[in-house]
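Report on the following structure.
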């Protein structure tokens, strides 16, 4: 297959990265989509309960987390662009920044979970917390998995494993990470604000 | 056959088929007890017949898995089996322990069996599928460890292929999750919950790894498709199986005293459990369509394709039908479950074991690659007889189940269990009829081993 | 841009995905075990109930009946039989099974249980009927 | 070989827009504004942000056929479900 050296507007047929990751992204989005739909449908009969306990959530922490994930996603975009131009140094730098922002998310979210645990809140506390904790924790695990993937990629970039000719794995990891970001962008307003 | 030590697989396969016959005979007895309640009572009460039926199934499938492993692991690893003697020894230990256990079920009342095997020291008996005396369970663990050691050493010293690796992971998982059979707390909710760590994580977890690797092996051998392609498929299929199946365990935690959130987790993830089975069907057909050779052993290819389709129908479609918690609320513990169980076990596990037996037996009998044309035709007849009758068994049980759900659980005037059973008797008669056809199919299958024994095999096209 | 999908990627997805969901299963299992006291009626789990469970197991009751929907589908659900028949009804039913069954009908064996064993198994079924099963079964017929 | 610095203007603008929209959503949550239309507005913003991620970060704008629409269709379906669930 011919390689493009520059990011041009030429139309490629497939999305970036290995094609299999897109099947998994779709499967993941299906699961999250079902959870979101289940949340919304269950809420219909429990509006007061949901609105009451929604107020107990820390919206400010969620805001910082949204900014952290968005920045992280943006840094990953910069890292991909850099590797496509053979700038391994830059690519590595951006990827490390992305990982740092991901870790910021983990720290803030862990603190939130710790608060819930110390208040004795579990999945069985009530329906709202069941959904909130399920969604947030399932997503949290995805962030951890994404960070592991990004770390491996960062290490490989640093070792010089990727270049303008071979960067499929970087794009694969990046696509997964954007999916994690995307899910949080929906989760944030749905569970914290609405 | 490339290595003489592969020969140890043969007794395992023969024992598997023999026990399979026993399983079906007891199935026929139970089917009759469904309509003639006092048939063989009190000599063989239903609970004993069922125990024999389900335990024989598990034991003969394990024989099949072990035989398959002894056959394919040396060939994949390109080395002789670590210890053929150990394999032969374990065969006899397992067969004798299995036979003794079945005889125990049949000859003495279960409570007496519990007493003489000293169940009270470590009570593990009396739970569905795990009825074996504790001493038998310990025996199973010992046989499994010796088997794993043998297979593991062979893989370690030889070529490490993906098929061998996946098979080994599946077999280790099988042994590890069986250990939950020894956990039997007084608390029935905890008991039920961890009971599923054996049952669910076997059949909807690690067994799928075994299934996948056996299917991949048969397809590599019969289609000649590039190993790289097949191994890639294998990884993706088993990845999906575990990704959906692990949390899919939750579909058993809806109504047994576990928290309500399992209704969401279980429904969502188990709803995706058909995906790996669908991929398996696509995989099997795809590989056969891309075949680089016409393998002379046609029945083996047929069984391999059949297992993909029937596993998808039985485990995938019939499983999905009642896996969502609002549906399962009404169907839980009815004949719908029985319908699903029959087709899923047949499609996923019976057929894959028959596929590997079909592929390996001609070679184990000293032939080059296949049985005579006459024998193959008979075997394919048995395929269709057994498969179609299993489809009908499933359909009749589904019919019985739908009526049962309606009459007993949904109608304005719910009827008692036994009243409902009388009303759906017709379906049980039809199921019994289909069961007899299945037995005929099995007899035809066995006949295929003896027909055209001395005739030459068809040439490779 | 290579669209080849490599085997190592498939392998990583298998190992990564399985580990991920296995850990998730462990976390959910842990949470369930922690919260079971709210639903599993353990405050009523007496020594007699525990004994009843052994009687239940040693006679392979699950070989015909379902308990909370699990078991064989040959005979009635017993998770709520205490609500259907009451303790005395349960004991009487088990005690007076004819040795040779009922002609033409599905028959329950005569297990020759002692009075204490009968009491224990009835207590076990009473305890089971009080487990919070999310409102299952849909009605008294089980 | 090292090439000249590539242009990242589009991605940077998209990133800034995403941050601004996030802050808007947060402010709405802080104020006492409530009601169904506020909620739906907030969610519409979220879907739009998702579309930006899909098009510009995931680079699906360069993909053709069904691939380009994967995420967008998911967002639309989700929007419909949430709309129905919040307005019944």
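The chains carry the letters A, B, C and D, assigned in the order they are written, with residues numbered from 1 in each.
As a convention for this text, a residue touches a chain if its C-beta (ideal position, glycine included) is under 8 Å from a C-beta of that chain, and two chains touch if they have at least 3 such contacts.
None of these values were measured; they are calculated from a predicted model.
*Asks:* With chain centres defined as mean CA positions, report which chain is farthest from chain C.
*Replies:* It is D whose centre lies farthest from that of chain C.
*Asks:* Hey, which pair has more contacts between C-betas, B-C or A-B?
*Replies:* Result: the pair with more contacts is B-C.
*Asks:* Using mean CA coordinates as chain centres, what's the gap between chain C and chain D in Å?
*Replies:* Their C-alpha centroids are separated by 48 Å.
*Asks:* Between chain B and chain C, what distance separates the C-alpha centroids? Give it in angstrom.
*Replies:* 23
*Asks:* CA centre of chain A versus CA centre of chain B: separation in Å?
*Replies:* Taking the mean C-alpha position of each chain, the two centres sit 39 Å apart.
*Asks:* So which stretches of chain C touch two or more other chains?
*Replies:* Counting only residues that touch two or more other chains, chain C contributes 5-6, 10, 13, 17, 20, 24, 28, 31, 35, 38.
*Asks:* What are the residues of chain A that contact at least two other chains?
*Replies:* 12, 14, 16, 20, 123-124
*Asks:* Residues of chain B that contact two or more other chains, please.
*Replies:* Within chain B, residues 236, 243, 259-260, 265 contact more than one other chain.
*Asks:* Name the graph shape formed by the protein chains and their touching pairs; answer line, ring, star, complete or other.
*Replies:* Basically it's none of the tidy shapes, so other.
*Asks:* All pairs of touching chains, please: list them by chain label.
*Replies:* A-B, A-C, A-D, B-C
*Asks:* Sort out for me which residues of chain C touch chain A in the complex.
*Replies:* Residues of chain C touching chain A: 1-6, 9-10, 13, 16-17, 20, 23-24, 27-28, 31, 34-35, 38.
*Asks:* For a test of understanding, state which residues of chain C touch chain B in their complex under the given definition.
*Replies:* It is residues 5-7, 10-11, 13-14, 17-18, 20-22, 24-25, 28-29, 31-33, 35-36, 38-42, 45, 49-50, 53-54, 56-64, 66-77, 99-107, 109-111, 124, 127-128, 131-134, 136-142 of chain C that touch chain B.
*Asks:* Can you list the residues on chain A that touch chain C in the complex?
*Replies:* Per the stated touch rule, the residues are 1, 3-4, 12, 14, 16, 18-21, 24, 122-124, 137-138, 141, 145, 148-149, 166, 168-169, 171-172.
*Asks:* Name, in rising order, each residue of chain A that touches chain B in their complex.
*Replies:* 20, 27, 30-31, 34-35, 38, 123-124, 130-131, 134
*Asks:* Of all residues in chain D, which touch chain A in the complex?
*Replies:* Contacts found on chain D: 1-3, 5-6, 8, 11-12, 15, 18-19, 22-23, 25-26, 28-30, 39, 42-43, 45-47, 49-50, 53-54, 56-60, 62-65, 67-68, 70-71, 74, 77-78, 81-82, 85-86, 88.
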